[in-house]
Amino acid sequence: MLTLEHFLTVGALLFCLGLVIALSKRNAIGVLMGIELMLNSVNLTLIAFSRFSEGPAHVAGHAFVAFVITVAAAEAAVALALAVAVYRSRRTVEVDQLDLLRL
Amino acid sequence: MNELFAAATGEVPGISQAVLWAIILCPLAAFAAITLYLRHLPKVAGYLSIAAIGASFILSLVALVDVLGAGGGIATHTHAWFQAGPLELALGVRIDGLTAVMLVVVSSVSLLVQVYSQGYMEGDPGYGRYYAYMSLFITAMLGLVLADNLFMLFVFWELVGLSSYLLIGFWFHKPSAAAAAKKAFIVTRIGDLGLLAAILLIWTRHGTLDIGEIHTLAVTGALAGTTVTLFGLGLFAGAVGKSAQFPLHVWLPDAMEGPTPVSALIHAATMVAAGVYLMARFFPVLDAAPDAREVVGWIGAATVAVGASLALVQTDLKRVLAYSTISQLGYMMLALGVFGYAVAVFHLFTHAFFKALLFLGSGSVNHATNTFDMRRMGGLRTMMPITFWTFLIGTLSLSGVFPLAGFWSKDEILLEAWVNNRALYTVAAIASFVTALYMFRAVFLTFFGEYKGGEPVDHEDEDSHFHGDPAHPHESGWVMTVPLLILTAGAIAAGWWAWGKEFHHFVEAAVPAAALHKAPDFSYGIAITSSIIAVAGIATAWAIYHRRLISAAEIRKTAYPLAALLERKFFLDDLYERAFALHVFQRGWNRLVEAFDTRAVDGAVNGAGWLGAQSSRVLRHAQTGQVQLYGVAIAAGVFIVAIIVFIANPL
Amino acid sequence: MPLTALVFLPAFAGLLGLLLPADRARHARWVALLGSLAALALSLVLFFQFENGAGFQFIDRAAWIDVGSFEIQYFLAVDGLSLPLVVLTTFLTTAAVLVSFNVEYRPRAYFACLMVLSTAVLGVFTAMDFLLFFLFWELELFPMYLLISVWGSGRREYSAMKFVLYTVAGSAFMLVAILALAFSAGTFDMALLGAETVTDAVLPLRWVFLFLFIGFAVKLPIVPLHTWLPDAHSDAPTAVSVMLAGVLLKMGGYAIIRTCVTILPDQANDFGIWLAAIGAISVLYGAFVTFRQTDVKRLIAYSSVSHMGLVLLGIGALGTTAMVGAAYQMLAHGLITGLLFVVVGLMYERTHTREIGRLGGLARQMPLIATALVFAGFASVGLPALAGFIAEVTVFIGAFQKHEWAVIMAIFGVVLSAGYILWTLQRVVFGPVRREWDGVDDQKHWWEHASVVGLAALVILLGVYPDLIMDMLDPAIEVVSARVGA
Amino acid sequence: MDGAGVHIAFWALSILTLVAAGGVMVSRNLLHAVLFLIVAFIGVAGFFVLLSAEFIAMAQIVIYVGAISVLILFAIVLTPQSVRDNSETAMVGPAILLGVALVAIFLFVIHDTAWSANAGDPGISVSDLGRALLSTWVLPFEIASVLLTAALVGAIMLVRSDSEESEDAPDADA
Amino acid sequence: MSELDIVGPQLAILLAAGAVLVWDALLPNRRAYLPWLALAGILGAAVWTSTWVIRGDFQTAFDGTFAIDQYAVFFQYVFAGITAVVVIASIDWVDRVGRRQSEYYALVLTACAGLMFLAGARDLITIFLALELSSIPQYVLAGWGKDQRSSEAGMKYLLLGAIASALLLYGMALLYGFAGSTLLTDISAAIAADGAGSRSLLVVASVLLIAGFGFKMAVVPFQMWVPDVYQGAPTPVAAFLSVGSKAAAFAVVMRLFFEGLGEQFLSDDWAMIFAVIAAVSMTLGNVFAIVQRDIKRMLGYSSIAQAGNFMIGLAAISIAGEHFTQGASGVLLFVAAYAFTNLGAFIAVIAISQRIGSDDIADYAGMWKRAPLLALALAFCLISLAGIPPTAGFWAKLYVFNAGIRADLAWLVIIGVLNSVVSAYYYLAVVRQMFLGEAEDEQKLRISPTVALALGVATVGVIVFGVIPGPLVDAAREAAAIFAAS
């Protein structure tokens, strides 16, 4: 008997994995991947919720996910554009090199 | 207002209060005029001041005559001064036998001293200033004796302190003078604490400061128990300071740094007597508080002993007189301690004359020799006859030789003591021997033997106004000798008023009758013994210092420890000034407090600021620019906040 | 609108001075003098118009900010307690202007600051809306900061900032208390607050009282919140020291009586003993530290701590007599310390040192200044017939009934003050002449005479005719002590 | 939700997704990481199918696997070899610690809560979703469109090289 | 009325954005008009908003996902004002760069539209998208400079922002999962129904939401990006971030938490969170700010501390049941006042750093001589930030503190007031530099008229609302009144 908790658990695990990746990767693009994973887990959670809820409620879940995917795409686009810009100016996309601004 | 007091009030119709106020205001006007306008006209200032005090003197005589005419009795005139809530303070004058006597003493001696100063202070750069200060002092002193309530008395009490300070420090360029002035003010102020405390106490407990009412309270027994004891002791503390009683007598000898006329007036005749006057004023209180009275008596005795013994070893003529003043004031206190209210006042009265005389005499000597050091004098008997004879008479009077003034008053003190307290009598009797001894020591050293040349004049010192030639001393001018002669008359005759006790009845009318204890009028036994004692003292002095039968040096050697003790003034000054004031207080306690203030209190403040800056400098290193550190911070924030909530109010 | 006019007149004059052309900059002093004299005259008119015992008078009142639970009004008024302080302020302002008559550096800005300062203080003394009061209280910071840090000497930046931070920290607590009070009473109107009794607030009234007290105690100042004072004094220019010691410290005492005691009588009764204790401690502590000072101005500053302790002692007793004494002590100390700082300022101008060690024997080279110093010294020793004596004795007598031991402690301050003042006189004006100071001139300009003589005259006047003020203080204080049930 | 198939599918997908995600974490080469990422995306899509959200699954495939992954690949290709390693920064330790901590909290919460779960299968049709998007969530829908446009404009602006910019810069500025 | 009307203002602005892009494409040589075009759009939005106020018909639309009420209106005005000022202030700066103008203005406008959507959003999805609509353009703008620092700032901002919004999303997902709906009203209903059972879930969800918005508000511990981004981003953008997204975040948080999670048992929890965060933010922000030498970083840290002050208001609202609107209006007032003030400060910094080419506070020495008006304006803004009267900042703080007191948060208020003391220290340090410091070169600074205009608007606002805060306070209270119902 698969219950909501199963899916939520997977979602939570995936979310935190994504978080760990986002927080630990040296390469900006790697960080971005982590973020995408987090968003995916959110989507998974949302869909799970909507699947296990009754009435009109579950439509909201699907809509939400649709928007999240869209936003994720937009964010990714901007992120990669920025990565390129950073690379142009700094010849690197390693975030631990980005420490001009400090103290 | 009790019936006794009310009865007393109406008895002196003659005096209008205008007279009484005028007595105070004349010198005050002189002071104001001099300070404001006559700073550059010293001569005029002098005459003005003399005129003013002359007026006060005449008015005082008027007052005295009126009170005499009424055979004693009391009159008061009170005016509200200011009030704060329940506290209402008044300015008022009170005239009665005691006041009248004091008025005459103060104004007469002042007048003579003022005149004398014309000669003594001649040519001093601060001539005008001198007369201003003197006028201020006389104002304060007259106000003090006229005050009809404790608060006003305290006001003038402090003002005499001020003028004393100014006059002792008159030659302020002399460090010794400046120091002496400070010492005098502070030491007396310590005593004043007691007086102030007494004022607070009596007001708080009984809501009055009026002298008459306090008398009533004391006589009717409303003022009793610890209150009256504390009140009495508080008053006495003030008196101890002002009247240079042991252990606060240390300021008086130093006060001799002031000009000699000042010493004569303030530190012999009048101000130092104010303490005695105060205790006499509140004799009913003393009477109601036996413990306090005992203390007064014994402190008086101690002062007699200390003063007399220290006078023995002084080489400075003025200091001899100073210590003798201390011991004489001790006599007065001792008298009060043995119920001798009238006697004390009487001794105050006579002492004023012969002690002023002696001081002025010493001033005259100084005027001729430019020094007070008796080791540099000698043989002046021939060179300045008037000074010599007057001084001699003063000395005899002080030694209590019949029939001079001093004899009568001191004799009565001894009598009172004999009747009421044999122990005190013994002290007084021995002291009277010492008195005669040290006084004649001074006389012999100063006026007999051959002249030792005095003090050469230092012409560099622009402050010195000495003119004349110490090498060849000469008699002073009439402005100085005439006052001497007049005072001599007083020193001889002032005592005769005691015959038949008129004086006593007169001053006793000033306090409620209930407070008075009758001692026998006269006792040949006492009189003769005291005369014998005095003569013995004189003889001893003659033997040691004139005939040199016994060598003073020998005595000193044999009794060295004692001599040292005396020469170091029982180490009191060292104790007070070096040990306490300097080391314990200033370098010890105050430094400690100051260190606490700068290190702990202020340090805490500055430390807080420093801490903030430091922590900030440390913390900002967290701002590494590492984006992922920031991310970790966010995630950690989530975790921590959640945990906090769950811990704060658990599920 | 006499009060409004009076309060803002100095500031107006100061700003007017700012408008002077650069080449006429020095004329700013005249503008300031006229302004301060006008204010003085106006305040005197009010003083003699004032009807003793008729409560608050010359009321200027208008709604200012009125939003829901938050009514703030523009409300000025004086009673017997504040009016004398107002006059003191205008008087000392004039004196301060006179002593700074020879300021050369940026005179326009200087006098502007001085006059704005005066306005702020006047505002504090007259504001009857708690928030308005607070605003004036804060306003006083700016000119003080500038005056010390621009025209000061020594570590002026440090001292100025220290002064500001201390005050602001204090007023932080004050603000909390004000808000709490206003919330529980539903008004900022000090007259109302002083009439009804607040029973409970969002935070315990004990705290409210304490917070208010802390805010004011910093200004008073009490031990141990006093360390800003010596620094501020020693680095401030003369005129500022005069204002600081003369009136700014009084804001603290005034505010404690006006708010702490009047608005929270019950708490005042609870804390009275502590106030008295702190007062007595300040008296002694200040005196002890004074003995160690080698800088004349720091010395006077610490003596101020000692003397202001008496104010707190008097307030702590909560009786009419004692509080009248406290108020009187504020006036007396204002005049006397003002005079002291004026004289020391004159000395400093001539000798350019405040080191007691380097001074000495000045009575010869500058007899007038020396005389003034001796006079001021004895005034602060509490010599009879001078203002300080009346105040001290009244405080003592009034407080003795309630806190005997505290008074006994404080009495020793009398001897101690005599000690350090006379010792200072001995070292500064007496003793052998120092050739070093030959040729320094004595007090000579008319403005120097004016300020010294004026202050001295008032010290004597208040010393011999206390009823001039007492009659005014008494009914006002009666109201307060009635509230505390004393 | 019952049936062995479902169970097997769930566990398989879970393992696939999480392992793939782990691969993103551990793989040293950025390109490998992207490949793992794509696998993870596909796994999630599988979950969507399992949860009978076919449309969303499709969108997931198209946008994530299709668009985003490709974008990422482009970005990687645009940047030379040098920056293709996928190592971790010093933050890895704290990061993992936090990850575990948060997982703990989330799992606790998930299992602590009493979910009102229904076993029925409310699969929704694309039309429902579309209607919802155009009625209730028309505003977010519009916003999303604007958002994409803005992102587009921004991205283009950011990636244009100076030379390109200076071309259409008017002579006044040039 | 039609739904177009409801989103009218946003439409106007977005149209303007589009117009800007098109205009730039068509008339590349007429770029000077771009900002005015943008301003026209903003003006249109403001006018449109006003029409509602005049018509007075407030309502919700789109099945309750979006609302037009006084609250939304208040914020729409604020955002319109902010954006307008930012646009004006940017003109000079953007011209200097000489390229990418159209994108700049278009993105600013888009972000503004996003903020405006946030003000009215009452549905998780709408909130999320509105948030992203405001965020993504800001990421781009931060990197707009395209130089090393700027792009680094952009990158950092984006990565952290993405992580934050992921957390936010997860929280929203949990909420949705609990309530089965994304409408705030439904959520609150669901919580009221059976929220107590799953408090842990709701708490974690709230924490995640707070984290997501806390990032935008820049409160500890979600604030670390602030100084880096402010320093790296183009200064006008920094100004926009420091004011716009912060204000928006507060706007949405208040709505979200009081319409959605307002249930008592829950609000106790997150009220405590707010209180703690407030205390920490104020303290840390100030402690960091003290030692900054770069004025932009200093402003960055100070904005963190300021966010802490906002938070006092939030905590006050949630705890104080009956004084609800007090806190709410306090926050709104603070938002408005802070918007004016901080913008003013930033603009002044823009103007100065452009001319002297340095953000080092030390280089501000003697600014009073070099650019009197500029220095004066900056001084006023800093004083207002420090919360010293007579400025808008003072009333804002006073109001928030007042709310705190009423909400029984005395401890928090005390921390707050003491912190304003600390902040006063470093704000006034800058003022001191400008007025007392000695500049090495006295040469005057030329200020472009547009900057002067923007600065004038901001500063006048600061002072006017400082002297007569009445109207603003009223507006804030009306806007907050909508919560009184819920």
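In order of appearance the chains are A, B, C, D and E, and numbering begins at 1 in each one.
Everything below uses one rule, namely that a residue touches a chain if its C-beta (ideal position, glycine included) is under 8 Å from a C-beta of that chain, and two chains touch if they have at least 3 such contacts.
Every value quoted in this text rests on a predicted model; they were computed, and no experiment measured them.
A.B. asks: Following contacts chain by chain, what is the lowest number of steps it takes to reach subunit B starting at subunit A?
C.D. replies: Graph distance in the chain contact network comes out at 1.
A.B. asks: Please give the intersection of the contact partners of subunit B with those of subunit C.
C.D. replies: A chain counts here if it touches both subunit B and subunit C, which gives E.
A.B. asks: In terms of CA centres, which chain lies closest to the overall middle?
C.D. replies: Of all chains shown, the one whose C-alpha centroid lies nearest the global centroid is C.
A.B. asks: Comparing centres built from CA atoms, which chain ends up most distant from subunit A?
C.D. replies: Centre of mass proxy via C-alpha means gives B as farthest from subunit A.
A.B. asks: Please state whether A-D or C-E has more C-beta contact pairs across its interface.
C.D. replies: Ranking A-D and C-E by C-beta contacts puts A-D first.
A.B. asks: Looking at C-alpha means, what's the farthest chain from subunit D?
C.D. replies: Checked the centroid distances; the maximum from subunit D is B.
A.B. asks: With centres defined as the mean C-alpha position, give me the subunit B-subunit E separation in Å.
C.D. replies: The answer is 79 Å.
A.B. asks: Express in whole angstrom the distance between the two chain centres, defined as the mean CA positions of subunit A and subunit E.
C.D. replies: 26
A.B. asks: How many angstrom between the C-alpha centroids of subunit C and subunit A?
C.D. replies: 66
A.B. asks: Report the inter-chain centroid distance for subunit D and subunit E in whole angstrom, where each centroid is the mean of the CA atoms.
C.D. replies: Once rounded, the distance between the two centres reads 30 Å.
A.B. asks: Tell me, which residues of subunit A touch at least two other chains?
C.D. replies: Subunit A, residues with two or more chain partners: 4, 8, 15, 18-19, 22-24, 31-32, 41, 48, 53-54, 60, 63, 67, 71, 74-75, 78, 81-83, 85, 88, 95-96, 98, 100-102.
A.B. asks: So which bits of subunit B are touching at least two other chains?
C.D. replies: 620, 623, 625-629, 631-632, 635-636, 638, 642, 651
A.B. asks: Identify all positions of subunit C at which a residue touches two or more other chains, and write them in rising order.
C.D. replies: In subunit C, 165 touch at least two other chains.
A.B. asks: Write out all the pairs of touching chains, ordered by chain label.
C.D. replies: Touching chain pairs, listed by label, are A-B, A-D, A-E, B-C, B-D, B-E, C-E, D-E.
A.B. asks: Quick one: in the complex, what on subunit A touches subunit B?
C.D. replies: 19, 22-24, 31, 95-96, 98-103
A.B. asks: In the complex formed with subunit E, which residues of subunit A make contact?
C.D. replies: The touching residues are 4, 8, 15, 18-19, 22-23, 28, 31-32, 35, 38-39, 41-42, 45-46, 48-49, 53-55, 57, 60-61, 63-64, 67-68, 71, 74-75, 78-79, 81-83, 85-86, 88-90, 95, 98, 100-102.
A.B. asks: For the complex, give me every residue of subunit E touching subunit D.
C.D. replies: Within the complex, subunit E touches subunit D at residues 3, 7, 14, 21, 28-29, 31, 62-63, 65-66, 98-100, 103, 106-107, 110, 113-114, 117, 123, 125-126, 128-130, 132-133, 136-137, 139-140, 143-144, 146, 151, 154, 174, 177-178, 180, 197-198, 200-201, 204.
A.B. asks: In their complex, what parts of subunit A are in touch with subunit D?
C.D. replies: Per the stated touch rule, the residues are 1-10, 12-21, 23-27, 29-30, 32-34, 36-37, 40-41, 43-44, 47-48, 50-54, 58-60, 62-63, 65-67, 69-78, 80-85, 87-88, 92-96.
A.B. asks: Under the stated contact criterion, what part of subunit E meets subunit C in this complex?
C.D. replies: Contact set of subunit E toward subunit C: 326, 388-390, 398-399, 401-402, 405-406, 408, 410, 413-414, 417-418, 420-421, 424-425, 428, 432, 435-436, 468-470, 473-474, 477.
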